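We just call them A, B, C and D in the order they show up, numbering each chain from 1.
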Amino acid sequence: MNKAIGCAACASLLAGFSTFVMGADFPNPLPPEAIPRVETLPAKYPTGWAFLNYAGDRIELRNVGSDSREVKGQLQAHDSATILISDQRPELYVADTVWSRGTRGTRTDFITIYDKQTFNVVDEIVLPGTKRALITAMEGLTTFTDEQRMELVFNFTPASSVTVVDLVNRKVLGDVEIPGCSLVYPSGKRGFSTLCQSGTLLSIRLDEKGAVAGRSESKAFNPLDTDPLFTASALIGGIRYFPSLHGRIQPIDMRTEDVKVLPDWPLVSAADASGNWRPSGWQILASDEQKLLYVLMQADAHEGTHKDPANEVWVYNVASKARLKRLRLVRPGSSISLTHTADPLLLVQAGERLDVYQASDGSLVRSLDLPGFHTRMQIDPAR
Amino acid sequence: MNKAIGCAACASLLAGFSTFVMGADFPNPLPPEAIPRVETLPAKYPTGWAFLNYAGDRIELRNVGSDSREVKGQLQAHDSATILISDQRPELYVADTVWSRGTRGTRTDFITIYDKQTFNVVDEIVLPGTKRALITAMEGLTTFTDEQRMELVFNFTPASSVTVVDLVNRKVLGDVEIPGCSLVYPSGKRGFSTLCQSGTLLSIRLDEKGAVAGRSESKAFNPLDTDPLFTASALIGGIRYFPSLHGRIQPIDMRTEDVKVLPDWPLVSAADASGNWRPSGWQILASDEQKLLYVLMQADAHEGTHKDPANEVWVYNVASKARLKRLRLVRPGSSISLTHTADPLLLVQAGERLDVYQASDGSLVRSLDLPGFHTRMQIDPAR
Amino acid sequence: MAQFDLITEKMLRSMAGRTSRRSIIGMLGSMLAGASSLPLLPVGHANAAEAKSTDGPPDPNSGETAPQSTGNPQDPGDPTKCDYWRYCAIDGSLCACYGGTKTSCPPGTEMSPITWIGTCRNPADSRNYIVSYNDCCGGLPWGRCACQNNQGDRPVVRPQNNNEVTWCFGVQSQSYTCTVSIILGVAIDQK
Amino acid sequence: MAQFDLITEKMLRSMAGRTSRRSIIGMLGSMLAGASSLPLLPVGHANAAEAKSTDGPPDPNSGETAPQSTGNPQDPGDPTKCDYWRYCAIDGSLCACYGGTKTSCPPGTEMSPITWIGTCRNPADSRNYIVSYNDCCGGLPWGRCACQNNQGDRPVVRPQNNNEVTWCFGVQSQSYTCTVSIILGVAIDQK
């Protein structure tokens, strides 16, 4: 009580003093502010923006191309959620799974369709059978095909199948069984290829109704026992490049239905063999508009280190199969990507940091915080 | 490939060597282990266990009474969830709110009934009207009454009401409107009292069907403009003690329907007035079996510090209204509680730590980590 | 409470309806007159001066979000920091860290028209401003830029002055995302 | 894969059914024979020796969970630490930190009967053990004791050797909580 009176006293003193100050510096008070407003985003995102998928738990749109380093927006995600970004329609597609009581109750698998500018929910497509693969968010769980008219969702129960979704009419078209095979990569005009446990690649052609129109299987080329391919890949001129655990690179031409497995070649030259360099990390490689291939490489690699953060990024010309550059990272990185520009930025998730380098010379431009991040990241720069 | 062969080689070498070692130290390998098992808990929890409610986002049962410092189990929580622990039935009651799509979609308010030993969901009571108060988990949002046969849930929309739930027959009995009043404290045999904006206390008596059987309102005693009561309280011999922002303690006798507001008294003596000591924190006070009152106290308090962590715990004999002890904390604490034993432990949430003191002499016994904790905690020691 | 809520609600509804701000401040004034819970003391921890400058590029390896500024010397401080003066009573996350601004919600969320009120002292012009703390709802909360300032906060018995309540009413989802701070006017007794 | 899953599933179902372990190990042996993806090298980072002792009371102010022990010298290490030898291929959270143990699920969760398999070297007896990593499902995950060990992990093209898959099948909720490690036997080529 006494205290309250004391305050009133000093308050009036202050009031007297502050009246003088006000008069001097700012004769008018700040005006009342605008009515409630919600931010919106540009129809075409700047190339310096990127979606960061926090292991399927959370998706963040972040300005990595400016020192403002702003968060532009966020999309909720719950379990192994993956995002597809359309450049045909002003939409985003997040495949996700929830339960009616948090981590228990009725399970629902669904694709949320977001408006790219407002992040409002435009629509939702429920996926039947509660069979969507719950695997740490990564490449191959979902993909576009048929020029983004269709989304393909990989299912694992542990039986394997693929759900075909019509994104234009927003409905599920059907399922394709792919026993013994995993993940989906777009191939041909309308279809996909999948990596099989027999070491082969199975390619499925779809008709406009999403039904199987053709099916072809490659010879075995993926030595799962000795040197399996990672499931991460980079696309250069329609050719998809998969690194192997021990350091081969395996090109596969997926431009037409007639998918061709091309000759593999080594990432590590005989000269470097002694360093035991191998690809390692999560989103392990990337490509740019100059058709260069960037691969996270780890020295002194051995059994069990294939998902560890890597110290360097090696840059290749896939035409000449020559390594052009070695970029040393300021801190070991697990996931990399490149912005879609002539002079791209190299984005490297390194622990609780997203380090941004100039891809041309490997200089660190800036480093963003990833508070509370302790799992795996999938990076999707804006197109 | 070469590497692989190399490995095979050293492997066989090792095999030869290790056979010898095995023979020497451990002639027999470890046996195959038990079939899948899920832990269960004792029917009566040790007094050294406590439920930690992480602001209604997560509830953890933790062994704070032993240096093993183990997590015993966890209950999921989503939004402002509160827990009631029955000692009449082997059940726990968590009032919570979820949405059908994470943070959007259809809202459901519900009480989950858990088995105390298995943590399995026994049943669920859905609360109608999606009106449960979404306020940082704290005392007064839910309470037992009628010897734990009923749970009362405070609703805020922002109109105030209380939902009466029959926990024995697991059904909602009805609502009681309490316009202008907030929170629920059990009073009488079957009923509750609530703090009103007019500065009064409204007390409601319920019949066995949960309908209003009587209603009485106190004179105004809670000076909201000058020195309002905190909403946290401690119960000693049926009398509930509420501290005020400026340091009064207000006892209220809630043992019978005839609720009595008793004379208040100061926590801070004239001698200490210069220190500007005030109660501050979140779960700001506690009581023990010896009928002692423990209050978090903060020096140099002023407007806006009433929820800051406090440096000391002051201990009072409420009969003599005398301060018996000042306990200095190793780090400022926000929430306190006491284990229910003759020689109780004082539990103090201090940032990302739960510090455990001997209440008798204020010595630090142990300090537990609260990883990722950055909000407010409600502590419920086992009974 | 019913009465206070009516005022608060009506006020903000009418504000959303672009009616005269004067009348709103007037209403508030009378409301505030009755509620001396509004501090007239300077906000000690809201010393926004240091947190201001954006001169020079930040350390490329800092990992920090670059300092932001309002660009208005009469509104000093960094809207992404807890010590920005008008956040003197925010207990929650700052929308400016989630894709919103000091006064606007992040994309994909909805701003609640019903809210609670605080008073903060602007260190630049030494005026006390009435600030409306509006919650943005239905988005993704996860503790970035979490602030616990309690200037003028009061126990929930007076909910319109309490910052623990999720102020997501009259919106599709009542799930809390973050909080903005909107200047409604100058505290009446300072005009 | 279909074939492998059949074996894995049948094996663990039958294990759950208390049938002869021998037959299980036998089955595994033949399965493992075909899968040389199982490393026979010592697990470098699973040097559990240091992490062992529980002698003396921990620092009262440490904030650490006190070191735990299996109590068996032939099974050295702390089941609440990532470097416990039998966790050599765990990518996930340790159930021993959530109210479970190295081999049991926390209260209120359900153990998936379908799982994936790794091989870890026990530094005490220098044997390679076949370990079944079973996920506990339907509880509350939040990153306590998160480990990323990948000894013997292989790309998801061979799912039964992949630790990124949520192995919550044949249970009520497929939501991941944590992982336990159950010894099935000694790698066949070491008997």
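Observations, loosely collected:
Just so it is clear, a contact is a pair of C-beta atoms (placed from the backbone, for glycine too) under 8 Å apart; a residue touches a chain by one contact, two chains touch by 3 or more.
Remember, it's a predicted structure, so these values are computed and weren't measured experimentally.
Considering every other chain in turn, the ones in contact with both chain B and chain C prove to be A.
In this structure, the chain pairs A-D and A-C differ in their number of contacting C-beta pairs, and the larger number is found at A-C. Taking the mean Cα position of each chain as its centre, B sits at the greatest distance from chain A. Rounded to whole angstrom, the centroid-to-centroid distance between chain A and chain D, based on C-alpha atoms, equals 29 Å. With centres defined as mean CA coordinates, chain B is found 40 Å away from chain A.
Chain B and chain D, compared by their mean Cα positions, are separated by 35 Å. The multi-chain contact residues of chain D, meaning those touching 2 or more other chains, are 39, 41, 139-140, 143.
Annotation for chain B: residues touching 2 or more other chains are 7, 76, 102-104, 121, 226, 303, 372. On the chain A side of its complex with chain C, the touching residues are 7-8, 10-11, 14-15, 17-18, 21-22, 25-26, 29-41, 58, 61, 67-76, 114, 117-121, 330, 352-353, 364-369, 371-372.
Of all the residues in chain A, the ones that touch chain B in their complex are 1, 3-4, 7, 76, 78, 98, 100-104, 108, 110, 112, 121, 124, 226-227, 246, 276, 303, 372. Those residues of chain C that touch chain A in the shared complex are 15-16, 18, 21, 24-25, 39-42, 57-58, 60-66, 68, 72, 74-75, 97-101, 103-111, 113, 122, 124-127, 129, 134, 136, 139-140, 142-144, 182-186, 190. Interface of chain A with chain D (complex): residues 79-80, 97, 99, 102-105, 107, 130, 133-136, 138, 156-160, 179-183, 195-197, 222, 224-226, 228-231, 245, 302-308, 374-376.
Every residue of chain D that touches chain A in the complex is listed here, in rising order: 1-5, 9, 35-37, 39, 41, 43-45, 88-89, 91, 114, 138-141, 143, 146, 148-159, 162, 164-166, 168-169, 172-177.
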